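Have a look at the structure that comes next, please.
A, B, C and D are the chain letters, set down in written order, and residue numbers restart from 1 in every chain.
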Amino acid sequence: MPRKQKEIRTDIGWSDASSITLFGKDFTNEILGHVNLGDMGFMELTGRVPTPAESRMFNAMTVTLVEHGITPSALAARMTYLGAPESLQAAVAAGLNGLGTVFVGSMEGAAKMLREAMPEPDAQADFAALAAPVVESFRQQKRIIPGLGHPFHKPIDPRTPRLLGLAKENGFYGPYVQLMEAIAVEAGRASGKVLPMNATGAVGALCAEMGFDWKICRGLGVMARAVGLVGHILEESRRPMAQEIWHRVEDVATAHMRPPQENE
Amino acid sequence: MPRKQKEIRTDIGWSDASSITLFGKDFTNEILGHVNLGDMGFMELTGRVPTPAESRMFNAMTVTLVEHGITPSALAARMTYLGAPESLQAAVAAGLNGLGTVFVGSMEGAAKMLREAMPEPDAQADFAALAAPVVESFRQQKRIIPGLGHPFHKPIDPRTPRLLGLAKENGFYGPYVQLMEAIAVEAGRASGKVLPMNATGAVGALCAEMGFDWKICRGLGVMARAVGLVGHILEESRRPMAQEIWHRVEDVATAHMRPPQENE
Amino acid sequence: MPRKQKEIRTDIGWSDASSITLFGKDFTNEILGHVNLGDMGFMELTGRVPTPAESRMFNAMTVTLVEHGITPSALAARMTYLGAPESLQAAVAAGLNGLGTVFVGSMEGAAKMLREAMPEPDAQADFAALAAPVVESFRQQKRIIPGLGHPFHKPIDPRTPRLLGLAKENGFYGPYVQLMEAIAVEAGRASGKVLPMNATGAVGALCAEMGFDWKICRGLGVMARAVGLVGHILEESRRPMAQEIWHRVEDVATAHMRPPQENE
Amino acid sequence: MPRKQKEIRTDIGWSDASSITLFGKDFTNEILGHVNLGDMGFMELTGRVPTPAESRMFNAMTVTLVEHGITPSALAARMTYLGAPESLQAAVAAGLNGLGTVFVGSMEGAAKMLREAMPEPDAQADFAALAAPVVESFRQQKRIIPGLGHPFHKPIDPRTPRLLGLAKENGFYGPYVQLMEAIAVEAGRASGKVLPMNATGAVGALCAEMGFDWKICRGLGVMARAVGLVGHILEESRRPMAQEIWHRVEDVATAHMRPPQENE
C-alpha cells in the first residue's frame, strides 16, 4: 500500500522573476525601507507588520537580549572562529547552540508559567490569587521560579524597570506582566528573599502579553544573540583572545598530570 | 621557559550589580528603548549608535537578507527541528551553517572586489576606468564577478533599485556603489549579456560604502537570516513539511535499489 | 569580596614536546595502532582500553547507529553543504544538531527507564515483576515506552536479534537486557499489540549493561552518526541531490500562492 | 517553461520492513558484528568493507585524530554544554564547527599538495625531483607547506614515526608517503630549519595513498573528533570547567573598564 502523501506548504512567501512576496506583501515596495530588522522579526512571528507601539516594544525586547559581553555563548563562537576563520557563520552558529535551557530557558519558562496560570489574558483577574498557587507549586516541587532573581544584578536587574516603563508607554503593561509582578511579590513573601523580576522574566511576560506561543519565545533570544555574536567575532578578528584562553586553560587544567620539573 | 602571556581583553562591555555598560554607554538608559535591533547590529560592527541615515540604511540592508522563503538554509533548519524540537536554537544554527561561499559569498566578494579596486573611497574617481581592469581580471581568470546577475530575478533583481534609491535618500550613494554600477556596465559590455547588480551586490557595495571590513559583511547575512529562520521554525511547528519531504526524498532516491514488486 | 576560584582540571590527557598521554597511557606506543576507532569511543566514556568482548560489543553498538540512508539528519547536512561546500565540518555539525529527543531520545530513554527500574544490576531479579510497574506507569501517563516497536521495521527490527546474539556471545546478555525484554513482553500483553524491542532499545539496554550513565548514551549516536554523515557529504559532492530537492520543495510549497498562469 | 527535473538518487542504502541494505550488503548479517566503527568510516568513503590491512591503517589514521586534550574545539563544546546540557549533540556540533582551515586544513592541504604534484601514484617516481618545485612554489608564494613542523612537538611529532611504521607494516608506505618525506627533506634544506612531517601531514599523505579525494580528508578529522568531543562532554558533566573559565575570562577581559574600587 503506497504511503499517503501529506501537503508541503509554506505561507511565508514566494518570488518570480520580477517580484518577491513576503507575508502577503510586495517585499520591495511595501517592506524594504519601511521596517527595521526587529520589525522583520515581528513579522516572522505574526505574519504582519507591527504597529508603531508593537515595533517599539518588540525591538526593545530583542535589543535586551543582543549583548551581554563575555558569555559562554560568545566564548564558544570565538573558539570556533579560531579554528575556522573562513566560516564566520559557523562560529555564530556554535555560539547559538548553547542558548538552551540554562540561559534562555528562564524566558521561555516564564512565558509558559504565565500562560498556564492564565490561559487567556484577563485584565480583571485577581493576580495575587492567581500567583499564590503558582508559587506554591514551584516551591513544593523545589523548582526555581523562572524569571525571578539574578545571580549578579542585585537587588534588581536594571533592565526590568526600563522594560516595564516601555511596556507602560506602549500599552503592553497588561495582565501577564502584572501576573509576573504578583508572582515576584508572592515568591519574595514565601521565601523571605528578595526575588524581583529579572530581564528574562520581563521579556517572557511581554512575549505572553504579545500573544506569542511560549515555545517560540526562545526565538527572540536566538535572533538577538546572532546579532551580538557577529560583534564578538569582529572583535576576535581584531583583538583575539581565544588562543590565549586556550593556552591558559590547557596549562592550568593539565598541571596536575605534568612532571614536577615542567612546572618549575 | 614559561609561555609569555598575551592580553585577554574585550571592549564590548561589562556589568556590575546595578548597571550594564555596552560600547561605552549605559545600556539601560541610553540604548534600551532608544534603538532598534538593526541599530544594535550597527553598534556591534562600529561601536557607536548609528545616525538616523545610517540606521535607515543599515536596517534596509539587513532586512533585505532576512527572508527568501524556502531556501536550503530554511530546509536544513526544518530538518533539524524535526529531530530536536526541544532545541530551537540548534535548528537555527543548522540553518546558519550553510551561509557560506555559495549564498552569502557574493556579498562578501563584491565588498572585497570594490575595496581592492579602490582602497580608499574617492568620489572623484573615474569609475569606468577603475572598472575595466577589474572585469578584465575576472574574465581572464574565468571567475564569476560577484554581485552581478541573478539565476532567477531577470532582467533585474527588484531589490536593487529600491536599495539604490534608499542609498540616495540617505547619503550612501557614494563611490563604492558607483564603482559597482560601473563594473556592472563594463561586465555587460564585455560579455554581451545583461548583468545588472543584484541585491547581494548592492548590499556588498553598501558595506564598503559604510566602511565595514569586507570580512565581516557576511555577518549582516548571518544576523538577518537568524531572524528569518525563527519564522521558518515557527511555521514548521504549526504546518510541518520536513517529515513529508524526508519520506518523499527517501522514496525517490532509493527507488532504483528496491525490488520491483515494492514499487507496484 | 573577590569571587572564590574553582578548580579547572582535565584528566583526559596532556602532551609535551615528545609525548602525548591520554587516559594515563602513552598514546603513541600504547594506543595508536593497538585500538580501533570504536575502542577510542569506549576509552572516552570509561577512561580505559576495552576488553576484547567490550570492544566487539561497543563497536557493534556504534556501528548500528552510523547509517540509515536518507534521514532528516543527512538531508540537513546535504542542504548545508550546498551553501558552504568549503566547510564540510559545518555540514556534519548541522546534521548532528538534529539528533535530539525524536531520533536518539528513545535510546537514552530506554537506558534511563532501565536504570530507574533497577538502579544496580541484579542478575537474580524477577524481571517480569520489575517490568509490570514500569509499563503500568508509562501507560497511565500515556507516554510511549522508549525502545519498543518501530514505525517501519515490522514485525521486528532486524538489528535487534543480531545485537542480542552479539550480547550473548560477548557476555552482555545481562539483567538490563533481560529487563528490557520483560518490558517488551509486558507492554505487548498490556496493549494487545506486538511491541518488540527495537535497535535503539537494544543499544540503550546495552548502554545500561555496560554501566554508562544514561545521560551519555546519546553520545554513542552522535559519534556514530558523524561517521555516517561524512559519507553523505561525499556522495552529495559526487551526485548532488540538495539543490534538486530545494527546487522541488519550493515549487510544491509555494504553488498555492502563485498566479494561475505560472502553473500552466 | 517548466524547470527540467534532475535525478534524486542515493546509493548508500535502503530498508524495508525486514531488512537494511547498506553499500550493497545486508547490514544485519554481513556488516553488524563483523566490522568496527572505523571500518564503517572506511565504507562510507569507499562503499566497500576494508581489507584487514586497510582496516588497521584507517583505524590508526582516525584514532590519531580523536583526542588532543584541551583544544579550542573541546572548549567550544564545553561552553555550549554549559548553556544547553539537554542537547549533547549540539555541544559536539559546536566543537566540530571549528575544524576548519586552521586545525584540519593542514591534513587536507597535504593531501591536495601531494595529489597535485603526482596526480597518479607512481612508485618509480623521483621523489626528490618532484619535491623541489613544490617547495619552491610554496616558498615563492610565502605560504606554509602543510603537514610539516609542529608548534609544540619538537623536534619531531611522536605520532609520525608510529604512523609511518604502521604504514610499512600494512602496505601503505607508498609513493605519496615517500613524496611527503621528500618534501620534508627539501623544505628543511631550503629553509635551514628542521621541518619534519607532522601527524596531520602523515595522515594527509596516507589519505592520498588510500586514494581518497583530498576534499574529503577533512572528514576523517570530523569523524574522529566527534568521538573525542563526547568524552569531553562526559568529563564536563562530571567535573565542570566551563563556568569557571567563563568567569575568569570575564574578570580579566573587562578589568580595564571597571572602576578602580571594584578591583581592590
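Basically, a residue touches a chain if its C-beta (ideal position, glycine included) is under 8 Å from a C-beta of that chain, and two chains touch if they have at least 3 such contacts.
Small disclaimer: the values here were computed from a predicted structure and weren't measured.
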item	value
Chain D and chain C - chains in contact with each	A, B
When chain A is superposed on chain B by its C-alpha atoms, the rotation angle in degrees, nearest 5	180
Centroid comparison with chain B (C-alpha atoms), farthest chain	C
Proportion of interface numbers common to chain B and chain C (over half same, under half different)	same
Interchain centroid distance [CA atoms averaged], chain A/chain B, Å	22
Chain B and chain C: spacing of chain centres that average the CA atoms, whole Å	36
Interchain centroid distance [CA atoms averaged], chain A/chain C, Å	30
Multi-partner residues of chain B (each touching 2 or more other chains)	8-11, 13-14, 69-70, 84, 86-87, 89-90, 93-94, 97-100, 241, 243, 245, 249-250, 253-254
Arrangement of touching chains [line / ring / star / complete / other]	complete
Chain A to chain D touching residues, read off their complex	69-73, 75-77, 79-87, 90-91, 93-95, 97-103, 241-243, 245-246, 249-250, 253-254
In the complex with chain D, residue positions of chain B that touch it	8-11, 13-14, 16, 21, 84, 86-87, 89-90, 93, 97, 249-250, 252-254, 256-258, 262
In the complex, chain A residues that touch chain B	3, 5-15, 17-20, 22, 27-29, 31-33, 35-41, 43-45, 55-56, 59-60, 62-64, 66-70, 87-90, 92-94, 96-100, 104, 152-154, 156, 158-159, 162-163, 165-166, 213, 215-216, 218-224, 226-228, 230-235, 237, 239, 241, 243-245, 247-248, 251
